[in-house]
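First chain A sits with chain B, and in the next complex the same chain sits with chain C.
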Partner chain A sequence: MAKPKIAFFKFSSCAGCQLSVLNIEPVLLDVLGAIDIRYFVMAKRENHEGPYDIGFVEGAVTSPKELLELKKIREECSVLVAMGTCACFGGLPSIKNYSGFSQKELEEKVYTELWDLKSFPAYGIDYYVKVDYYLRGCAIDLGELVTLIKSALKGIHPRFRFHSVCNECKMKENVCLFLTKGKPCMGSVTAAGCGALCPSLNRPCEGCRGPASDCNAASLARSFVEDLGLSKADVVRKFRKYAGNTPEFSKGAEAV
Partner chain B sequence: MTDRRIYVDYIARTEGDGAIDIVIGPNGELKKARWEVWEPPRFFEAFLIGRKAEEVPEIVQRICGICPHAHHIAAVRAVERAMGVKVSEQTVLLRELLHYADWIMSHALHVYCLAAPDFLGYESVIAMAGNPDLLPVVGKALELKRLGNDLIVLLSGHEIQNRTSVVGGFTAVPAKSDLEKIKERLKAAKDFAFETVKLAAKLASQPPYPDLVRKCEHVALHDVRKYAINDGRLVSTEGLDVPDWEYPVWIIEKHVPACNCKHAIIKGRDSFLVGPLARVNNNFDQLSADAKKAAEEVGFKVPCFNPFMSIVARAIELVHSLDACVTLIDWIGEPKFEEPTFEYKAGESYAVTEAARGICCHGGRIDKDGVVQKWDIVAPTARNVYNLEKDFQEFVPKLLHLSDEELTLKCEIMIRNYDPCQSCATHSLKVRLHRER
Partner chain C sequence: MPVEAFVLPKSELGSFVAKLKADYEVFGPVAKGPKFVFGPVEKAEDMRLDYDTTILPPKKYFHQPEQDLMNFSGVADVAEGKKPVGKRVLFGVHPCDVNGLLSLDKVFLGSYPDPYYKELRDKTAVIALNCVKPCEYGFCASFNTGPEADVGFDLSLTDIGDKFVVVIGSARGKEMAAGLAPAAEEDLVAGKRALRACQHDMTRRIDVGGDLGEFLHQNFDHPVWMEEKEKCLACGSCTAVCPTCYCFAVKDMVDLSLQKGGRTRMWDSCMFYEFSRVALDHIFMPDRTARLKQRMYHKLTYYQQQFNATGCVGCGRCVATCVKHIDPVDVINRIQENPLPAKEVTLYRPPVKIVHTEVNPWEPQKAVIKAIKKQTADVNTYTFEFVDPQVRDSYTYDNGVFNLISIFGIGESAISISSCADENTGTFDHTVRAVGNVTKALAKMQVGDVVGIRGPYGFGWPMEEMKGKNVLLVAGGIGLAPLRGVIKSIQKNRDQFGNFEILYGSRTPDGMLFTDEYEEWRKIPNTRLYLTVDYVPPGVEWGHNIGVVTTLFDKMTSRKENTIMITCGPDIMMKFVVLDLLKRGWSPEQLYVSLERRMSCGIKKCGNCQMGPVFVCQDGPVFKYADIMNLPGGVF
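The block that comes next holds the complex of A and B.
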């Protein structure tokens, strides 16, 4: 079997998910031997035009230049993967969409040379093109990245979990931060796959992996206010952070 | 006679999207020398307004995937200063350990994966690994990078974005037995770090690099008691010596005529350099004994104003970081869990840390309910843009005899000397750079 041609692209983001590709050190040389990286500017000086078998896109789309590139990338890649929460849902850059400031006001607050600034609300890449697989998380989970690459090599679908973080938390036998410690944990509405990383470290889930399937964000939002005494503004901030663009988390933000 | 143009539209092996544009006139005069940052803006400073103080360190660490801890710790300290939050000695030590672990990861990544291929004539570390002679070195480099990552994960839960460090302390602390295990690995890695210093010195001693010296002001954090990483005064090779929270007064941005970007200068003076070379120049005495020994062995002397020696300074810091982590683990002993606590209080303050690639500044104003009113971020790469352009002006005329291909590579190396992260730079540069078509 020919080695799959792989490309990594970066839009508005921190490059942390691309760096994650280099953070699988124990298996990195094996992975590099099994795939043909054709485009990865952060790691390589020689990069090649498409087509590619698999394209990984990191980052939210926030400019006309990125949008044009994304459309070209979609045409060039047989399989397109949204890599990380920014590419999946808009991520932290999407906070600006709900900041209460207009794009014009945002620009004036940060920049002085406004004539050349071209930026629009931040969305995940599936707002514009079809996406085949999603690697959620800020940053992505290395286990899921390796699972995806292995699946691609075997020609099978990767098995990702979309139940809530609560399930993984229970399997780790953690004390519930919400029920016993009264902390505003978003684990019950957030997709698993991280191994309940934050709650296992005594930190409430912040929802960085986006909504779990069939989540009831509105109910959790009301509970934050009624049971934990959070202000409405606090609840809105929680749901409009990593995945505020999603219909599920929007329901949470709008429920209070 | 026509102009000669060196243009690279997307600089490889750096973090983020940047370009080089150099125009050389018919008589060898430099008409233009620019480093253009094309990263799309993300508006962190704008959307942080209205967020809660405790969210700031969580959010700003996501500015950069390579130096998240530098952003995080600068922000957490600025928030704590603004609200008058006191943290324990253990928290201070754990934060330092976390940041040194980040340096080990970042320096190993830069020296072997981003910089070494230039000097060895490979397009990437992937290509280097294809050479059976180099494969063992690449393997060891990845092991060293993994060691940094393992320590980061042990302290913060995740390689890239920390999960445990918050305003007031840590939500969870590692077990002593795990720290002891990693301490043995840190000690065992020293030999390879020494080898790295030797390799870096060898690479940087090839012509024409030793001749490319340009004196400029080198700025770093400084602490008389220890090598400064998370705290200290802002000092320079030209005599700057001020508290770190005064950075907004001393580091200013100047609009330069005929250029669309603002340039960072030291008040009343000119461009400056930040990063490992600046740190080693300002803080050589505070390096660990073995780091000093490694420097001596390869004949590295301070002050050094050759930017191509940055790779050597980085390798020397690798030796130092391993030593510093061992010492910190001994000082920390048995970590005790302390519930992080704080109360909202109105205030304004600023703080500086040393990212692997130079000073990283955060600060702002918080109201009595803990809501952010203003937040200022100045990342290291933004500091270095103007200084790099001065490197171009100085060095490109000395390299005109090279072919376009060679000269382009040399210009790329000049940029990679700074180990830039352009994602960081963008939002804080307050610049838009114009590409001439």
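The block that comes next holds the complex of A and C.
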């Protein structure tokens, strides 16, 4: 089989996911042997036009210019992957959607030169185009990236398990941050895959991988208030941070 | 017989553990922050024998969170996933957890013994530590699984102040206790007294004053379950920490060569939305209430029905770990305060069938594709032959049972055998629709290619029961595959059966299977074949019925008297077939259905195929409707 042609693109985001792609050192050479990276502005000088077999898109779409580009990318890529929480759900850029400010006010707050700026609310890219696979996380999990590449090479669908982060935390026998330390951990409603990264480092899960399947964010939001004494504003901020656009986390934000 | 008992002064614990270390790797309760876990122990002082409970139960050493089942390099080179383990001691296991292991034994060492679990269990000695103080959430006394362990240990210890009473539970335990001084009568009395006091102090209890299973079955629709569902986060922590939860998923992983890799099982949970997911993303238990009830009922009654073992040993971990404090004791108490009206219930106990295989039940046998026949755009019939002549010659099966077809690096799929049990030719057929990873990979294979196959599994069609009776066969879509063997068996032994009618429905004419065999079937004496489709696309010729398969009931000559009905198809079709026939006065005793569920093992271990107390893989897939119609939660 010919090596699949791969491209990486970036929209409104911090480039952290692309940076972590460059970090898959232990298997980087093997991966590079198996694929043909045709377009990756951050990593290489020579880039080639499409079409591509797999396109990885990082970042949320927040301007008309980006939207046009995204549509072109979709046409050029047989398989389109939303890479990272911004591309999956809107991510950190989507905080502005719930900030209470209008687009114009936001633009004025952030930028000084406004003449060429037109921005709209930040959504995941599947708001606009069909997405074949999602790599969640801020930043993405490299194991999942490699699994996705291997699945593509094998011609099968990868099976990610989007149950709760709690489960991975239990496997590590971490002391529960919520119950033992009273910290507002979101692991119980957040999709696994990171190996309970934050709780294992004694930091509550911030929900960066978005909602777990059939999660019950409203119930957790109530516990944040009733058991841990969080304010309503705090709860809203937690659920609107990474995946506030999703109906699941919206329920958490709207529950209190 | 008086118990054989010794004493171990606490001052000598250090030398006792040091002595054990000479022969065994020792694991025991150690502190982790303010909590405890089982971990490696270098010396006695590492252990916290005053621990209340551990985050994960000792099941993690036997039914490990991840366990390699097979390692492979292409199809040619397949090996067991065993890793060598040395002799181990688990020191200080509380009675609930000792009993938890005994329950897991029923799952993993009963039918189709699991070699990985068995190896770890055989190599590991258990030193129980009876509880002289109730733990915060425990309620073991409710089920007699504590505070004292009666069986299931090599040694048991009871703390009586400055020493432990040591009771011998096995020959291995006796060796470990060599050199200890015999217990005096007063030591034994002190031990008994300490345990009785603990039992007395344990205020948390489940006691419904009668059969808990019946009580729960009567209260299946109690409003409490909706209240708990509103709270439950579906996080699955409760099942991860439960000492008797066994469910797992199986996954193939490959390295970048795409050839070398392993097949691994990993803990799964009925609390997860994906737990019951099958191909085309169909989910059998999408509703959180159903999943929460599956967990609670499994622990409190189904386990008993399935394995005659305790499902909940009252360790309290599920309560301690739940952010929402969902608590079986509290739930039962609330139901008891306000129970639904009592009604007659019978608890289904699946037939006991114990299979012992000499070989590793996880190891597929190589089978070569001898022929491929296209049935429809996405369905092929494959004829397989085992590569190993001994396997080929000894392989027999019943009509309606299934194999697991394995493509290394992708996975395994449960597929019914579509050839006839009475035509033993050394080959067998599978008729497979390409819908997902495994089945699409199979569709790309060619004659001469090799796959792995293990089986056959389950109960098939009631061929004996059908003898001397009329047979009504109702099939939908791919559901005709497991019934094709029945048609051929009746053809072969025509005089053994009465009137025979086949009702077959498909969405469209081009979705019908085995079309080139219909002529032959019609020629079977005293047999009629009725065809129907839901829809005929414009320009397609169709000389038969249009409508769902039940519309054929008015046209058929079959009557309920002395007739067995067998059906396989989509759940929704079987549901209406059964309902319609019941309305026409047929009895649930004469209706047989073949069910589909997610299956990751086929051998009553992964739990994925559970339907209440029933394992579809081994108690089915063919069921007499009368047996399962009253399952709490229903069938369809």
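One rule holds for everything that comes next: the second predicted complex is superposed on the first by the 256 of 256 C-alpha atoms of A that agree within 3 Å, B and C clash if a C-alpha of one lies under 4 Å from a C-alpha of the other, contacts with A are read in each partner's own complex, and residues count from 1 in each chain.
Note that in this section a residue touches a chain if its C-beta (ideal position, glycine included) is under 8 Å from a C-beta of that chain, and two chains touch if they have at least 3 such contacts.
Everything numeric here is computed off the predicted structure, so don't read it as measured data.
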Clash-or-fit label for the pair chain B, chain C on chain A: fit
Partner chain(s) touched by A:F120 [first = chain B, second = chain C, both, neither]: neither
Which of chain B and chain C A:E206 touches, first, second, both or neither: first
Partner chain in contact with A:R161 - chain B first, chain C second, else both or neither: second
Contacts of A:C176 with chain B and chain C, given as first, second, both or neither: second
Touched chain A residues, chain B compared with chain C: B
Superposed arrangement (fit on chain A Cα atoms) - minimum chain B/chain C Cα distance in Å: 11
Residues of chain A that lie at the interface with chain B and also at the interface with chain C: none
Chain B-touching residues of chain A, taken from the complex the two chains share: 10-20, 22-23, 25-26, 28-29, 32, 37, 41-47, 62-63, 65-66, 91-93, 95-96, 99-101, 105-107, 109-117, 119, 122, 138-139, 142, 197-198, 200-203, 206, 234, 237, 241
Chain C residues within the chain A interface of the complex: 32-35, 37, 54-56, 65, 230-237, 240-241, 249, 251, 254, 256, 258, 267, 269, 272-274, 286, 288, 320-321, 323-324, 409-410, 436-437, 440-441
Residue numbers on chain B that touch chain A, as the complex places them: 10-17, 39-43, 45-47, 49-52, 55, 58-59, 62-66, 68, 109, 113, 117, 123-127, 129, 135, 138-139, 142-143, 145-146, 149, 157-161, 163-164, 166, 171-172, 260, 262, 412, 421, 423, 427, 430-432, 434
Contact set on chain A toward chain C in their complex: 27, 30-31, 33-34, 146, 150, 153-157, 159, 161-164, 166-167, 169-171, 173-176, 178-180, 187-189, 212-216, 219-220, 223
